[in-house]
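Same chain, two partners: subunit A is paired with subunit B first, then with subunit C.
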Partner chain A sequence: MAIELYRVDDRLIHGQVVIGWGHPLALRFIVLVDDNVAGSDWERELYRMGTPPEVDLYFETTESAVARMPEFAARPDPGLLLTADVATMSRLCDGCTAIREVNIGGLHHRAGRSPCLPYVFLSAEDEVALKSIAARGVRVIAQDLPASDPVELGDLLTKDGA
Partner chain B sequence: MLARLLTLQGSYNYETMIGNGLAFAMEPALRLLPGGRNGAAYRDAIARQSRYFNAHPYLAAVAVGALARAELSLEDPARIERFRTASCGPLGSVGDRLVWAAWLPACSATALAAFGLGLSWQAVVLLFLLVYNAGHVALRVWGLYAGWTHGLAVASALGAPLFRQGPSVLTRALAGIAGAAIPLMVARAAGTRPLGVAIIVAVGAAGGLALVQLEGRVAGWRAAIWVLTAFITAGVLVR
Partner chain C sequence: MTTSSSGPGVSGPRAVVAGHADFAAALVAAVHRITGLGGAFRAVSNEGLGAPEVEVAIRAALTDHGAIVVFTDLPAGSCTMAARKIMRADPAVSVVTGASVGLLLDFAMGPDVSAESLHRAVSRGREAMMVFPAAGAAGGH
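Now for the complex of A and B:
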């Protein structure tokens, strides 16, 4: 089954992930890729508390995630990989050609970001990074929940306003 | 602060989500900062806490308590910002699993069972509101207390059995309550006529099967409208 969903979401582990995607995908493991979280005891503890007990949670840096990707791919149960920003997902795509689709699940308002969808605000750097991911042949879509309509990258970048 | 927690979603918007509500809820505590309401520390804290924040509205009480304590302890603003960012997801996850996916449906099933047992509709509504809000308010009170007590080290409080095992226990209880409630409710809605019971059971079974097939592929509100339409149609046919 391996990793069923590669998702960019600045809230990382939250209800949409563990219930919205977790139930339909029958998730059994989550790989959280974030260099800051991987090096912070209290943040790891916080995210662990937000994860259902039956789901395994792995904290990885970008580098260690790339190295362990074959191990995750060999797991017999379904999993999900999360990054908090586009730049980290772009670096993962550089190091792992097995990624065929990237889901933009939530990038919220911050200074320098413009609204594309109610749950997607992008900076100029984000747009460049997303285009470079797509240039590798990876499908990039915005979709917060399984029941929502996916928005292709081309359409996402032409949208203006929340 | 506890009363203000009830207004947390009053200024909900796509940019800051419940950030403004979070700042409003902890504002009484921030008045105790050096310089009071006219001080720079107060203004900086209000500005910091009004930024984007999104979590489950009941469990956000944990963040309000923890952040208020951190501000009054004059914690490093970078650490406070990091906690705000890191707590959004876990507080959302815990709250969604415990409340939206377990407590709310369990209370709804309990109300349906009460209807099936013969309570008047007014009593059923009152029972639902009392039971649901008892849990809801208790969660906010606990959250504020836990956040204030533990400060930025509040993660350990979220490891309580209520949050780790509570959702699965409640979900199992929900299945039991719903199993008892549905036949009782059908029997009351259809009277004692076997044909009426059979029609409602058939519509309910077909609807249940359709919902299982559609899980994850249709938004909840659309499914709810279909179920409601089927229920009203069946009710009209039976009557």
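Now for the complex of A and C:
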């Protein structure tokens, strides 16, 4: 089964992830890739408390995530990998050719970001990075929840408005 | 996104209610309809907000409302994560997850925002959750 979903979500672990995706995918593990969180005992504990007890939670830096990807891929149960930003996901795609699809699940309004969807605001740097990911043959879609229609990258970048 | 409930004249315990979509505003409206004490609460929605912005919204609501208690919906939700980060910076703040009408009613009618009052409100919220017919009862559904 391995990693079923590679998701960019600036809220990291929250309701849409553990409930909205977690239940239909029957998630048994989450790989949270964030250099800051990986280095903070307190933040790791915070996210661990937000994760259902039946779900294993791994905290990885970008570097350690790439190194452990074969181990995660070998797990027999379904998992989800999370990053808080596009840049981190792009670096993971650089180091791991097994990633075939990236889900933009939530990048919310912030200075320098423009609206594409109500839950996706992209900066110019984000757009460049997403195009770079897609150029490797990785499908990039925006989809907040399983029941939502996925929006392909080409359509996402031409959308204007929240 | 912050929704203001009626504010003036509130003399009892105060709190912020935060959650997904219109969850908080609906709970506060329900409490107000039942008791007239909706002004005890300030509602915050995480709609359209990233994690740092949720934290800013809850912090602003606490300050504006003179509150030190945050009720949230999901233990794993972004509002709970944000509230716990606020709590870490300000130990006077308390966070209660799994908010419900029953829980908020008890809090609003209570004397203060002490830990004892919060634990009692949580118990009342749990007690308000029932299944009919009860487990093991013969049913014809």
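Operating definition for what follows: the second predicted complex is superposed on the first by the 162 of 162 C-alpha atoms of A that agree within 3 Å, B and C clash if a C-alpha of one lies under 4 Å from a C-alpha of the other, contacts with A are read in each partner's own complex, and residues count from 1 in each chain.
Note that a contact is a pair of C-beta atoms (placed from the backbone, for glycine too) under 8 Å apart; a residue touches a chain by one contact, two chains touch by 3 or more.
Source: prediction; values computed, not measured.
Asker: Clash or fit: subunit B and subunit C on subunit A?
Answerer: Because the two structures are overlaid on the shared chain, the partners are seen to clash.
Asker: With both complexes overlaid on chain A, does A:Leu107 touch subunit B (first), subunit C (second), both or neither?
Answerer: second
Asker: Contacts for A:Val37 in the overlay, against subunit B (first) and subunit C (second): which applies, first, second, both or neither?
Answerer: first
Asker: Please work out whether A:Pro24 is in contact with subunit B alone, subunit C alone, both, or neither, and reply first, second, both or neither.
Answerer: The first partner, subunit B, only.
Asker: After superposition on the shared chain, which partner residues are touched by A:Ala67: those of subunit B (first), subunit C (second), both, or neither?
Answerer: A:Ala67 sits against neither subunit B nor subunit C.
Asker: Just to be sure I read the superposition right, which of the two partners does A:Ser148 touch: subunit B = first, subunit C = second, or both, or neither?
Answerer: first
Asker: Could you say whether A:Ala98 touches subunit B, subunit C, both of them, or neither, answering first, second, both or neither?
Answerer: It touches nothing on subunit B or subunit C.
Asker: Who does A:Val128 touch here: subunit B (first), subunit C (second), both, or neither?
Answerer: A:Val128 sits against neither subunit B nor subunit C.
Asker: Between subunit B and subunit C, pick out the one touching the greater number of residues of subunit A.
Answerer: B
Asker: Subunit B: which of 116-124, 134-142 or 188-196 bumps into subunit C?
Answerer: Answer for the clashing stretch of subunit B: 134-142.
Asker: Once the complexes are superposed, what residues of subunit A are shared between the subunit B interface and the subunit C interface?
Answerer: 10-15, 17-19, 42, 46-47, 49-52, 108-110, 118-119, 162
Asker: Give the list of subunit B residues in touch with subunit A in this complex.
Answerer: Residues in contact with subunit A: 14-17, 52, 54-56, 82, 85-97, 100-101, 152-153, 155-156, 158-159, 163-165, 167, 215-220.
Asker: Which residues, counting only subunit A, touch subunit C once they are in their complex?
Answerer: Against subunit C, the touching part of subunit A is residues 10-15, 17-19, 42, 46-47, 49-52, 84, 106-110, 118-119, 162.
Asker: For subunit C, which residues are in contact with subunit A within the complex?
Answerer: So the residues of subunit C in touch with subunit A come to 20, 48-54, 73-78, 80-81, 84-85, 88.
Asker: Please output the residues of subunit A touching subunit B within their complex, sorted ascending.
Answerer: Residues 10-19, 23-25, 36-37, 42-43, 45-53, 108-110, 115, 118-119, 145-148, 162.
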